[in-house]
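Structures for review follow.
Heads up, the next two complexes both have chain A, just with different partners, chain B and then chain C.
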Partner chain A sequence: MRRSKLPEWFVLLLPAFIILAAVVLIPLVLSFYSSFTAYRLTRPDSINNWIGFRNYVRLFEDAGFWWAFGRTVFLLTIALNLEMLLGLGLALLVNKVTWGQRGLRTIMMFPMMFSPVLVGFQFKFIFNDNIGLMNNALQSLGLTDQAIPWLVDGGLAMFSIIFAEVWMSTSVFAILILAGLFAVPQDPLEAAKVDGCTPWQTFRHITLPFIMPFIYIALAIRSLDVARAYDIVKIMTNGGPANRTELIWTQLARTGYVDAKMGLANAMGYISIFLAIFFTVYFFRKLNASRQILGMAD
Partner chain B sequence: MANVKLKNVVKNYGSLEVVHGINLDVDHNEFVVFVGPSGCGKSTTLRMIAGLEKISGGEISIGDRVVNELPPRARNISMVFQNYALYPHMTVRENLGFTLRIAKKPQSEIDQAVAEASAILSLDPYLDRRPGELSGGQRQRVAMGRAIVRHPDIFLFDEPLSNLDAKLRAQMRVEIKKLHQKVQTTIIYVTHDQVEAMTLADRIVIMRDGYIEQQGTPLEVFEKPVNTFVATFIGSPPMNLLHGRADNSGKNITLDDGVNVAMPSRLAGKYADKDIIFGFRADNIMPVGHTLPQGDESVEIDMTVTLTEPLGAETLLFGEIGGTQVQAKMLNPRIVKPGEKLTFQIDLEKCHVFDAQSEMVLD
Partner chain C sequence: MAMDINDKHRLKNRLLKAGHLIALFIAMCIICVPGLWVVVNSFRPTVEIMAKPPVWIPTEFNLDHYRAMFGAVGEGGIPVVRYFTNSLIISVTSTLIALLVGMAGGYAFARYRFKGKAAIFVGMMLTRAVPGIALSLPLFIVFARVGIIDTHFGLILAYVAMNVPFTIWLIDGFFRQVPKELAEAAEIDGCTRWQAFWKVEFPVAKAGIASAGIFAFLTSWNEYALASQLTRSVNSKTMPVGLLDFTSEFTLNWGGMSALAVVMIIPALILTFIVQKHLIAGLTFGGVKG
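== the complex of A and B ==
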């Protein structure tokens, strides 16, 4: 029997190579390849129909796509900033609690435990203009006598989605920032008090630099999350009204699975990946800089 | 520049009282050292003066102002912490100038104050480094610089040298003493190291279990300890303490193993028929032929050496009298083997006698 001539290291690593190829490499190559074809799910043969950069050119010229792209960036910016500020506030408050803090921390994480689809349904109900909780409450309090079309009005629909997003994910920031607050050394805080700092100055000059790395970690994680936002939007508005809440991924799913233009959808996917990469790199740079400042970097 | 007054200051955590009504006057420009074993309340007391701990009772005043309810920032104090407590995200220059920047002083004034402090503590080469790039001694100097810049009424030091190695500690001790001479400010200094206390203090305050046991100049507390705790805490090695009983003439003491020594003449006849503790330092018990010039009163005693610690100029000899360990010093030492029996001379004039019950000194 002839022995295989393959080097030992290769044979030993082969299972890993095979698994990686099957779950990562082949889908990646295939989807990248198909973004250069007129591949339609309804006509499998079309995957051989090489059209070069035509999908990409079409997307670059498609205002609708860039609106969706811009809306995603907008959602990301507003939602992340709100979540960061609210999470910071929440963490600072919980950090002051001396009794029952563990319980509070657990309760704080509840929104993260729900499926985003269910959160979407919940807020679809809350913001419903006829039977929704929000209008009901506003009207009962006498703040308005009209039914506000939360999910139907172009501006309000985006607001409602941001509201749901913030409700669900502020605790990500709160938990991570709280962990950061626990890690702030007490000595510099006391030194600052003695040095003449007011509570606000202590926070601004001492506490904040110490928790910045944690804030950036939360931002990096959440930017990836929001950049691929799909489920909540799908349920609450499905991109409507009149595409006013259409994001990259809702459009992508529509193009790929409803219109069955998988080649085009894959091209969208590859463009949108740059968005995710951009934010991740940006926040990781910030993270490293803030760690360096504290002398924590390697 | 101010004096500090503590009037009946109490601190409790819940039902646990850790400082029991301390009274203390610190004069302007005085260097006062709180010393005591861990848990004696010295740091807590310091932190109450700083305003970092609320006081549970009594009154603290700085200058003529009662500061009980004032936050630390309003007390015009500076504090140097055990772990330096530098701001790791600021350079040395920013650390030094931070307190003035917070007070919104003009940049020119900040620069000048930082330059002054940096000159006093020789920090010039490190001004643009971050604390993480400095050694322990350098960090402690930065911490001190940060305290100087503020021109505070009082300096508070909370065990500032305990994280440094022995050699650096000795160096920094000198620097702190120089600093006090240069900046002429009231200093309150906490340490558990009696050597630091002895070398630095104008006045030592010895604390135990939330009470002040004794206060006085270093020599006073060394030569006239009020009780056995102070006697063993101050001075190294600690004072030898032997239990015994004064006979009914009050002129002789029988130690526990039956050895008789004379009562020091200043006390002779004053305490008859009484259980006492007989105390003497290692410096006052030396083997015959290796002693200091003796006073008029001395007593000889035989002791078997069990252990020796040669220190160069002198050797510490360990032995037992009546089952209690005794440390003696030998000047111009020769080699002594464990098990050797030597005759020692005890200088009675320098001996202390304490009441066996209350452990307070008898005089």
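== the complex of A and C ==
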């Protein structure tokens, strides 16, 4: 390596650069190009049919697309906030346990390892209006005598999907926040006790600032794979009933593969990519800022 | 009077403790019950799953769904064994390659200073943020042209690219935990940088690197969006795609699907037990001290 003129760090990173360029960057250039064409899968030469911004204009005028877009942002906002709050709560609960904490931590990690498709199937089963655990339990307890159409009613279906999404990802937050709680120094906590702070004040002014970077790590990790919600929706409702749970990802899959309108789907794809990148950059910035406050950056 | 306050205090403490335990119990139930429900139903006969009013205490456990799943190949059944081997081959190979690439990259980030380091790092992370389904559109076109649709190779390639950014993040975190002085001391003693790496830094970070590998394995094992478009037949279909096959072909076979789900989760669960400790360490070190 010493003989080559390239710096060592570059040589070390080269394999990563090559593979990411081949599988991600170059295809993305292609999809960017094809989003300006009327490319249809059924007619391969239509990729040369340049139509300028017409795909994007069509999307901007399409109310169905904006509904899907809005629904996606809504789902992500609700899910990420709930996951963060529940994860924080769960971490605090587990942190207080003095006996059997290891076991609890292991259980907490379960949902993280489930395939999103599996999570979707599991909740499709549980929320099934006829034989699902949810309705069976509610009926057996006498809380209701009818079958609640969890996945058939638009609003309830969205709720069920958010439930599945939150179930799957809360543990990411809980685990990382718990790691943060372990790292909180004990001295200021004891000083606060001596000074007569209430538990809430101690939490708000000492614990929380220390675990903030950990919360942002969790958010940053989550923002990398927000699109996993596609798998859940695909198996639970496939965008139905009557498009009421249609997300930007399910819509783009349908446009691209079922309707074979690749050009239009790629235009949608680009909008979904910018959405994902927005979330990621936002949380990575927050992470950096909170690291700086604690003086942990190098 | 003093006794009274003491008693009140003690009562309040007891209530807090009880509340804490109850909340913890409910939380753990919500985490465990959905998975257990699927496991239990994979052993129950279909009649009992469908029963109205529901049968709460299972009267009969059997392996019928598993037998049907593994036995029905070629009779319109789902070729689970093929899907399982495909998943295994693709996940293991892509993990090994992602680890090698990730080790080189992670080492570069942990040990060298260079211009634009932060920007390159975030840029790599951004490639991971691209939604799988959006990436699958151009990949489908490219792979179709090159002729690697529905092959192991195609999916392995895609998964390596998907895993590399995250593996680099984790491994970078683990190498940072190895003191620089250790490797420098080895170099002074006459080792080359390459020798110093294998003799000093690698052994210290080994366990962490293994967890990064397991994490990459699980990502590939569980992936659906790309696999659903880049695979076509039993040649390369993976387990998650197979599970969705089930929904379209046997809409009502809940027991069979549960059995497939159990087969899919077992490797993931075993690996989780092995990694848990290192995984958290890697994520937090990479993230907090980056």
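By our rule, the second predicted complex is superposed on the first by the 270 of 298 C-alpha atoms of A that agree within 3 Å, B and C clash if a C-alpha of one lies under 4 Å from a C-alpha of the other, contacts with A are read in each partner's own complex, and residues count from 1 in each chain.
As a convention for this text, contacts are C-beta pairs under 8 Å (C-beta built on N, C-alpha and C of every residue); 3 or more make two chains touch, one makes a residue touch a chain.
For clarity, every value in this text was computed on a predicted model and none was experimentally measured.
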| item | value |
| --- | --- |
| When chain B and chain C are modelled together on chain A, clash or fit | fit |
| Touched partner set for A:188, first chain B, second chain C, both or neither | first |
| Partner chain(s) touched by A:206 [first = chain B, second = chain C, both, neither] | first |
| Chain C versus chain B, contacts on chain A by residue | C |
| Contacts of A:253 with chain B and chain C, given as first, second, both or neither | second |
| First, second, both or neither for A:65, with chain B first and chain C second | neither |
| Touching partner for A:196 - first (chain B), second (chain C), both, neither | first |
| Minimum distance between Cα atoms of chain B and chain C in the superposition (Å) | 8 |
| Common interface positions of chain A, toward chain B and toward chain C | none |
| Complex contacts: residues of chain A adjacent to chain B | 185, 187-188, 190-198, 201, 205-206, 209-210, 293-295 |
| Interface residues, chain B side, partner chain A - complex | 50-52, 71-73, 77-79, 81, 83-89, 98-99, 102-103, 130-133, 146, 150, 156 |
| Touching residues on chain C, where the partner in the complex is chain A | 20, 23-24, 27-28, 30-35, 37-38, 41, 49-50, 52-54, 56, 100-102, 104-105, 107-108, 112, 114, 120, 122, 124-135, 137-139, 141-142, 157-158, 160-162, 164-166, 168, 193, 218, 221-225, 228-229, 239-240, 243-244, 247, 254, 257-258, 261, 264-265, 268-269, 271-273, 276, 280-281, 283-284, 287-290 |
| Of chain A, residues touching chain C in the complex | 7-10, 12-13, 15-16, 19-20, 22-28, 30-31, 34, 89-90, 93-94, 96-97, 104-118, 121-123, 125-126, 128, 130-131, 133, 136, 139-140, 167, 171, 175-176, 179-180, 183, 213-214, 216-217, 220-221, 223-227, 230-231, 234-235, 249, 252-253, 256-257, 262, 265-266, 268-270, 272-273, 276-277, 279-281, 284, 287, 291, 296-298 |
